[in-house]
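Each of the next two complexes has chain A plus one other chain: chain B in the first, chain C in the second.
Now for the complex of A and B:
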């Protein structure tokens, strides 16, 4: 698993990017200490890399599940739509399209990212993993979801499986409370949560046996 | 008459679903994942206004936009748009981004019409009439007995109002399909639907082509809950755009906003109830004036009174019309609403009479209510099933810890218990067929035009075949989700399993008989001496060859049998009860669920694992209805304020309490044959939670959901009333 390199900006919405994008970086309201620190960080970053203007159709190459994949996107194209509509990587699903439900979760440089709110152009040079690349054997997360019937219609399942995988890579021994928190960024409508939690705990156990 | 095996090897065991790994690894393709060669992307333009007339619509600029291959206008000049989200036009372009731009470039002039979007506003005397006959359509009161006389003789009478808001389906895979014209009289559509057959029929009808030339494919689909039974306007628009684009496939799935606005909803429900009873717990009368809105086209009625036998009843329902998206069937249509109003009134009456609401429920069961046995004869007392189930549920929740309403200690944290009963029909229909094919290479295939909406329909068909042929579930290919296959059940009303299990049983049994006859002839053995088990062919109980070797004896021609329904294998009509244990903070109004117990019968359970998932899912759906969900309409703008998945609240993993599912899986229930379970377990959860919250806080919280606002408002209203008294 790739560790996130803190010197390399991560795609997706970080607090720093958000503040810079929202124009808050220029604001002079009364702010809490952490907010002031983030603002300073954002101002420094703005000077450091400056905004780039992209337009029209752009050829990009993404590293997806260990393969180089190329296509043309617009600057506004999300990573999710690029994967699904241009590269036929359809494991991640488009559900809320606003970073609320987690169905589009992918792993970028080891961290979970809502691909529906991440621009494809920002993901070049980063390692993107989707659940299609996960081990489907007896010690893998998909197997645990299957055995514990942690899915019904299955449309939220890719997001849960991905979030679970990323959580276990960072924390191989989650408590039940930690597992719940780790999967709280995902919504299921069929109501498979009982199976999901069982599967997450079983996957942790199975991964330990393998190690 | 056929019957299920008495000592099944697979049926009733916990068997992981056969498409589970394909789903959990992201490899299976949902209709919204399909991108056949040459696919264009479709985007809908929908109404930004709650009520408006289109005075002109100009698509010229949109048609000239880069990548645009077609524009279809649905709401032409003069058309009336009846709700925020109503369909106006569809665009197909090379990329979705281009299609979105083109949608924005369509010039529409509107004449804004006055709107009403809340039930309260709709019935005001000066409200604009959004339907010519008026916004309220009062049904005739249905009266039996003499309620007024019963009220006079009662020991206690309770009058109260209860309500629940409109909620939306929030299918995770949006409504939609990808349509492709294969030639000038043939369409293939990859559709997210609960009914491949009905969807094919709708497409064929719209374009006047033979339905046999329409192939609707739904290998899997991402949730419907009652809202996906046809092609819909957007699906037909996709097909029309495909035709315009020379047959190129057009992929049209709603965005999340329109999904909330137009993809269906469960109507609201409100009831003004007067209920009376005797000291011994007999409920003697109920009079209810109920209402609800299903948007601009109605459909808000619900069963009431619910479950109980009450001698003197009067009920009148008013349909309220508002500028909102149309209601669609939603998981047990009508029942959750009827249940939560009835069960709240039952609890309030029990409280006033000073008796245990559990005892009062048992006392008022309907002994005349009989559900059918496997032969279709009404011989089974539903009241009898409740009498078995209620004590089980009471024990599992710890009902003995329940204190009378308002006696839950002096501190701000209050614990309470509640319960509710429900029922559902959900039998099979006899019009479906299944083909079972055993091939010389040993493969076994079941084929039928039903679909798996997440319930595990595909898996139970394979279980039936594996059981009968002595194989493993993985050895069977369950080929469904194709409208050109033998006719299969649309997945609604919990009818899929009881409709499809009997023809599957029949087809596989007859295929096995033909198989054994032909193999017997080939190996010079009496077919009566041949049996199949453990993947082998036995002669007089001794294994003589593997299944595959036996299949080779078929020669060139496999066995293929198509069969239909038979009596004796399925029935319908279930009971069920649920219990809730909650903690409420009366200072913040926050409700925390501690535990929910669901006791559910559903005849012969085919796969215990997927069955339990459905019951868990039903409970969680009901928990969302009870605690979180609400379509919030803005009276001023007429728009839905929360068409998303952030402010439209749904439970996440941390919101899920301990859930205990008890399968009421007795020999008597198994003898009833297969019954569906998709709907019953979602009915009474919200009602049980509402009663538990009320028990905890000491005053009736009469508005769903049990949100902090509704809990605090109820507490506040009660203390104001006390202050005044």
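Now for the complex of A and C:
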């Protein structure tokens, strides 16, 4: 499978592009003059006294899957919403949005974090990895999930795949207990934990063969 | 979440200046508590000061026989620290199961100590005391996770920090820096019992930043033991940390701190008195556990915590003495 380069547009019209297009038309129609003025007012302003204080919309640059990606966000934008809504990196999912379920898991500087409780503005200068960058070949974690039936409805899967990948990078040879502990931060409502743990152990094995 | 200004200082001085320059500014570190509170409009600051860029706040260093742990040190780094594992197992054991791997990668020592209570009345915007029309919703409502001590008062939530429990048992101090300079207080002095809905349960002043905790030279033995409803992604129901200054086989002075039973980390002087001058055996540990819960006054739905506290105190004492009988079965 060809690797998806998130900096390049995808071929054809995607469902996401279509929805975004129709949404934009509707949004433009209701944007009133006061709203436009308010948006202008909210533009990035640095207060002069003491350390730099940022507010309104700020230009930020994030390093995502090896690419520099730029957009404008408010300080309150989470890393998750910025990735999904501004940068079209839609692998991490928004499920609980309170750091409880793990579906939004991404890897920052080698460690898994919940992107829903991380501010995007604080991630500048850090290396962010999402599952879009993972090897989907026979020795990759996604393949192991596929082979071991490690998903049912699929909502939790991106988070589990990411947590699994990060765990195996730190501990390539986990015991089943260590794998359980390593994947503690993700919840599957369908209860497919047995498949997930099998996939994690199989991925560890496959990665070792490759090395 | 309401909009806020954002400051990303790189020194402690800048951080204090950024905080004091706003009306309701708050410090942000791991974000595992604060960001969810902001999303639920429980906390709506006008400014957020991000502390993870302040490098001097993170790290563990040796001090005259003890350890100094920066408030910005992540929990995952506390767990991995060999000195803590060797000298202060009570701290490592209480940190091991906090939250999840993701939370331990994000959360910091300072954030854990200063997180706000997990009481669902507070988190639903009903205030720390959970009062409506002058009546306590907690007392008549679902209080299964609430306090069993100090329940004559109106503050019925439980103090939420897993790390405060061992740190207080170990006699640690906390250092706070504000506009007027630095002050160092015992970790237990970070907490207070709110009397009215306007009071806070934390004593840290607006504009102050917790910079580090310092644990003195270890004396004797220490350990933590906790009981949980779920193994992963949960807070302990009850956690007990003990530190025993030994005189041969006998306890010279012991500290017994219990989590999950009171609106502050609960120091059980009754349990401490029960072990003074005695060797830790099954009998003395059980007697201390009985003494620990003697004054408990549970609410309508948390009577189970009395029995649980007894077991947790007994096992924490025995764990410190090296007897983990429950693992042998």
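FYI, the second predicted complex is superposed on the first by the 159 of 211 C-alpha atoms of A that agree within 3 Å, B and C clash if a C-alpha of one lies under 4 Å from a C-alpha of the other, contacts with A are read in each partner's own complex, and residues count from 1 in each chain.
The rule is short, and it goes like this: a contact is a pair of C-beta atoms (placed from the backbone, for glycine too) under 8 Å apart; a residue touches a chain by one contact, two chains touch by 3 or more.
Predicted model only: the values in this text are computed from it and were never measured.
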item: Contacts of A:184 with chain B and chain C, given as first, second, both or neither; value: both
item: Chain B versus chain C as contact partner of A:97, first or second or both or neither; value: both
item: Touched partner set for A:201, first chain B, second chain C, both or neither; value: neither
item: First (chain B), second (chain C), both or neither touched by A:119; value: second
item: Which of chain B and chain C A:87 touches, first, second, both or neither; value: neither
item: Partner chain in contact with A:193 - chain B first, chain C second, else both or neither; value: first
item: Partner chain in contact with A:150 - chain B first, chain C second, else both or neither; value: first
item: When both partners are placed on the shared chain, which of chain B and chain C touches more of chain A; value: B
item: Contacts of A:69 with chain B and chain C, given as first, second, both or neither; value: neither
item: Chain A residues contacted in one complex by chain B, in the other by chain C; value: 74, 76, 97-98, 100, 181, 183-187
item: In the complex with chain B, residue positions of chain A that touch it; value: 74, 76-77, 81, 84-85, 88, 90-98, 100-101, 103, 130-132, 134, 136, 141-143, 145-147, 149-158, 161, 180-181, 183-197
item: Contacting residues of chain B [partner chain A, same complex]; value: 16-17, 19-21, 23-30, 32-33, 35, 41, 95-97, 170-174, 220-223, 225, 255-256, 453-456, 609-610, 612-614, 616-621, 644-646, 650-654, 656, 659
item: Residues of chain C that touch chain A when the two form their complex; value: 1-9, 14-15, 17-18, 21, 28, 31-32, 35-36, 38-39, 47-48, 50, 52-53, 76, 99-103, 105-106, 231-233
item: In the complex with chain C, residue positions of chain A that touch it; value: 42, 47, 49-55, 74-76, 78, 97-100, 102, 105, 111-114, 116-119, 121-122, 163, 167, 181-187
